[in-house]
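Both of the next two complexes hold chain A, though its partner changes from chain B to chain C.
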Partner chain A sequence: MGWQLVRLWTLLVYAFMFLPVAVVVLLSFNASQFGSFPMTGFSFRWFAELAQNEAILRAFRTSIILGTLTAIISTTLGVLASLALVRYRVPGANFISTLLIAPILVPEVVLAVALLLFLNFLNVNKSFALLLAGHVIFTLPFVILVVQARLVGIRRDIEEAALSLGASPRQTFFEVTLPLMLPAVLAGALFAFTISFDDITGTLFWKPGGVETVPTQIFAMLRNSISPEINALGTVMIVMTVGLPLLGAALARSLARRRGG
Partner chain B sequence: MSVESREARQPWILLSPALSAVALLLFVPLGFILVYSFWLRTATGADQAGFYLDNWAEALSDPFYRDILLNTLKIAAITTLVCALMGYPAAYFIARSRGNKAILLLLLMLPFWISYIIRTMSWINILGVSGAVNWVLTSLGIVAEPIQMLYNETTVILGLVHFLLPFMVLNVFVSLDGIDTTLEDAANSLGATRWQAFLQVTLPLSLPGLAAGGLLCFVLGAGTYITPLVLGGPTDAMFANLVFEAIITQLNWPLGSALSLMLLAVLGALVLLYNRYLGMAQLMKGLG
Partner chain C sequence: MSSVFLRDIVKRFGSFTAVHKTSLEIPEGQFVTLLGPSGCGKTTTFRMIAGLLDPTEGDIEINGKRVNDVPIHKRNLGIVFQNYALFPHKTVAENVAFGLKYRDVAKDDAARRVAEALALVQLPDVGARYPKQLSGGQQQRIALARAIVIEPDVLLLDEPLSALDANLREDMRVELKRIQDRIGVTTVFVTHDQSEALAMSDQIVVMSEGRVEQVGPPEVVYNTPASEFVANFLGASNILPARCTGRANGHVALEADIFGQVAVPAEKAPLVTGEGPAKLVLRAEKLLLARAETPANGAIAVDATVETVDYQGQAVRYFVRAGDTQLQAINMIDERPFPEGTAVSLRLRPRDCTALPA
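Let's look at the complex of A and B:
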């Protein structure tokens, strides 16, 4: 009896999580010219209009470039740091870990203000560079957490075997360690990209006037009223941010399987 | 150079880029706004460097700031409580389910990947004047005119719960999943009812996860300014909205620095308390 109640409760919790999002997707195919009920028919017209909207396309371009650069920088820094923490006995490793994840322990608003004001003091104005610096610093902890968790699982003896069979440390890294790490690196990079692509809290502080990312563009569009275009844009974003990690996970699994043989 | 000292230096070479990034882009800037909070924004709009207590006096004594800070903490507390009440049973179900745990977990992780702004604005489609609920009510003739259900404190809390619930479920799940289920069986065989076994064995053992989820919900909830802007009314500003106003709208950066540090002090104190009694490891388990 009690178990049935728990099951029903869980079902309701899942419904609460997914129904509003499902409604966004549903309404994005609404033929009506208002972004609301009732559904008057099924149509792709709002997606077609999105593709014509210069401002939204520009926001997409900005978000993708920003997310990609963030992922590259953040993953590079994060993988190096994770290697040090997992592979070596570093004095004060716990303290260093805490320092490295500090950017997510500080409220994002405070991080945003501090970075904006400090870089402005150094004469770096609101710019793409500031935006990139901000995105790198708050995605770094997530990359380190994800990569570290996966690095622990890579067995050291495989590398030692390569070394004892005459491979140089350099060869060992590029031919043994790096391929084994690849799923971890990909997971970290995807995570960084998605977090960057989604961010609005810091981005609103750092972005120069006239530059919009997809979330800030949606936010600006909400100021007027909810238009069917926003729902369509939401649907595209859901497909991107949910589809990409799922694709990444599948890719990582097939890579791992091939290597595991 | 000896092999030994090279070996000892290697980790520091690997760590230095990340550590310098955190130092230069977080710790030094935090130090800088501490100094900045004692400067003064003059009538001409220029900053007067020095040691003035004006910003702190204003931030700490003005009842306007105090009331909004208290209200922010209240909203975060209610949000955390609702997340716990909704999330715990769900996490329990997933952890003890004999079905496909991986699928249930994946479903739970999905909202993490769905954009925060989309999830927040999705409630406008549900509760707005032309949203789903009003459409049902008017079509059924229950109400003649659509009711405005949005833009109040309740919808702000609703939006925050929707945003933060996965953090709670995930942390509680990690904790519950690590508990040996034979403990409950042992309690049962010693005469405890299922409910007693849960209350006296499982619940206490899962408290670290509940605390970790609670901390995340509270700190992330109390630090938000987007949710009140999208789902709140004009009087539903939270403390982070004041920071945003001071920095972006009024361009009073010294005052904005003081307000930011106030928020950091309150939420940072919670994180430190948590770390003192429960340790960061639990939190990392849920995040990684």
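Let's look at the complex of A and C:
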């Protein structure tokens, strides 16, 4: 009896969390002008209109460029930092590690305001570079956590074996270490991309005037009206932020299987 | 092929000295084993030869050239690690060919050498597989093939057998020695297993607490241990307090409590110089138990009682008590061991004894 109640409650919690998302996806295929039930017919009309909307396309382009650059920079820095922290003896390694992870512990609003005030103090204007820097700062911890965990699992003697066979430290990194931690590096990059693509809090504070990312664009559109286009855009966002990591995981798994994993 | 020479090397980690001032020569083509318990400095010494650690003091020479400042990837060494350390993302053939990539070897030449190395370790058909698809023993053979295919100046083996099952370990031991004999490469082998060391080495270097205790061929280290530590680490020994009472016609006379006068051959007591306190070392397998009534035939005979019997199959280890002294004896048996509590006679030939200074 007690368990039945727990089950029911759990079901309700999940329904509460996911039903609105399902409704958004469903309504994005609604033919009617108004985003409400009952649906009047199935149509890709809103997706087509989305593809015509200049502002949304611009926001999309910005988001993809921003996300890609964030992923590249965060992953590079994250891999380098992880290597330093795991493979070399760095003075104050614990402190540096905490410092690098800190951005996930600090509330995003605080981080956003702090960076803004700091740059104000330095008399630096808001720019795309600043927005990018902000995104790198709070995606870096995810990359470092994932890559570090993998790197700890790569036995040092495998690298030593490569060195003993005549590979220089750099060749050893590219021939042995990097291929072995590639799944984690890709996972880190995907994390960074999706987090950046999704972000609204920091972006609202840091973006220069006239630049919109997809989330800030949706936010702006919501202030005027609830157009069914937003539902379509929401669906696209869901497909990207859920689909990309799933695709990445599938890729990593098939890669591992090919190596007799 | 090359020799390795360590001149006065010292390794300190902070205030801890892992290897005290040590000099060691590893002659060309020899199989030299660094033997000792964990923490004795054998692995530290090994890693200094490999170039994975820098000595705090002293020089390391390979082939007469000082290599202290030569990084590991330029030392031309073949290293076999304890846990194989194969590259999991490369096939067996790619693993073995790895070192050749950095050595200006033509492609078909490399393929031929890889095939030869795989044949040498008796795994000619596994080139296309990944390391995870092989058993532990097979992986270790591949690791060996990978290390020797580059024709290293020195082959370094870091406890290569310790991750294998007992039966496989003995097979691999024979196999490893066969391959080393065949290619004649100077080899440094690190182990804590005395039977591996005795079976495979030309020279054994026994280490303890960062110091070399003894260097010598297996039978010398085994039969004439230079210290109490060596006597106990290689097999089991009884070490009894004794007094040296003089020397005459090639023998050193020792007076030991329960055995009385024992005339130890002088070459088995090289470190006992003058008269006075000394130690009598009796190998457990040289101390024989006999029925009390059998004649002694010139051996020293002492009455004792069996206290504990540790049956090991073809041999048995007894703990016996003679007076106040407990001794251990390892004897081969053909029928059944003496039961606990039996009164026996211990038999000892003086030429099986060694003596150490007190």
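The working rule: the second predicted complex is superposed on the first by the 241 of 261 C-alpha atoms of A that agree within 3 Å, B and C clash if a C-alpha of one lies under 4 Å from a C-alpha of the other, contacts with A are read in each partner's own complex, and residues count from 1 in each chain.
What we mean here is this: a residue touches a chain if its C-beta (ideal position, glycine included) is under 8 Å from a C-beta of that chain, and two chains touch if they have at least 3 such contacts.
The model shown is predicted, which means the values in this text are computed figures rather than measured ones.
**Student:** More residues of chain A in touch with chain C or with chain B?
**Tutor:** Of chain B and chain C, more residues of chain A lie in contact with B.
**Student:** Examine A:Leu27 and indicate which partner it touches, taking first as chain B and second as chain C; both and neither are also allowed.
**Tutor:** A:Leu27 contacts chain B only, not chain C.
**Student:** For A:Val110, decide between first (touching chain B), second (touching chain C), both and neither.
**Tutor:** In the superposition, A:Val110 touches chain B alone.
**Student:** Is A:Gln171 in contact with chain B, with chain C, with both, or with neither (first, second, both, neither)?
**Tutor:** Only chain C; A:Gln171 stays clear of chain B.
**Student:** Applying the touch criterion given at the start, work out whether A:Phe42 contacts chain B, chain C, both or neither, answering first, second, both or neither.
**Tutor:** Neither partner.
**Student:** Mind pulling up the chain C residues that touch chain A in the complex?
**Tutor:** Against chain A, the touching part of chain C is residues 50, 52, 71-79, 81-83, 85-89, 98-99, 101-103, 129-133, 143, 146-147, 150, 156.
**Student:** Under the definition above, what is the set of chain A residues touching chain C in their complex?
**Tutor:** 155, 157-158, 160-169, 171-172, 175-176, 179-180, 259-261
**Student:** Could you pull out which chain B residues touch chain A in their complex?
**Tutor:** 10-12, 14-15, 17-19, 21-22, 25-30, 32-33, 36, 86-87, 89-90, 92-94, 107-108, 110-111, 113-119, 121-126, 128, 130-132, 135, 139, 162, 165-166, 169, 194-195, 219, 222-226, 229-230, 240, 243-244, 247-248, 253, 256-257, 260-261, 263-264, 267-268, 271, 280, 284, 287-288
**Student:** Contact residues on chain A for chain B in the complex?
**Tutor:** Within the complex, chain A touches chain B at residues 2, 6-7, 9-10, 13-14, 16-21, 23-24, 27, 34-38, 76-78, 80-81, 83-85, 87-88, 90, 96-111, 113-119, 121, 133-134, 136-137, 140, 142, 144-146, 148-149, 194, 197-198, 200-201, 204-205, 214-215, 218-219, 222, 226, 230-231, 234, 237-238, 241-242, 245.
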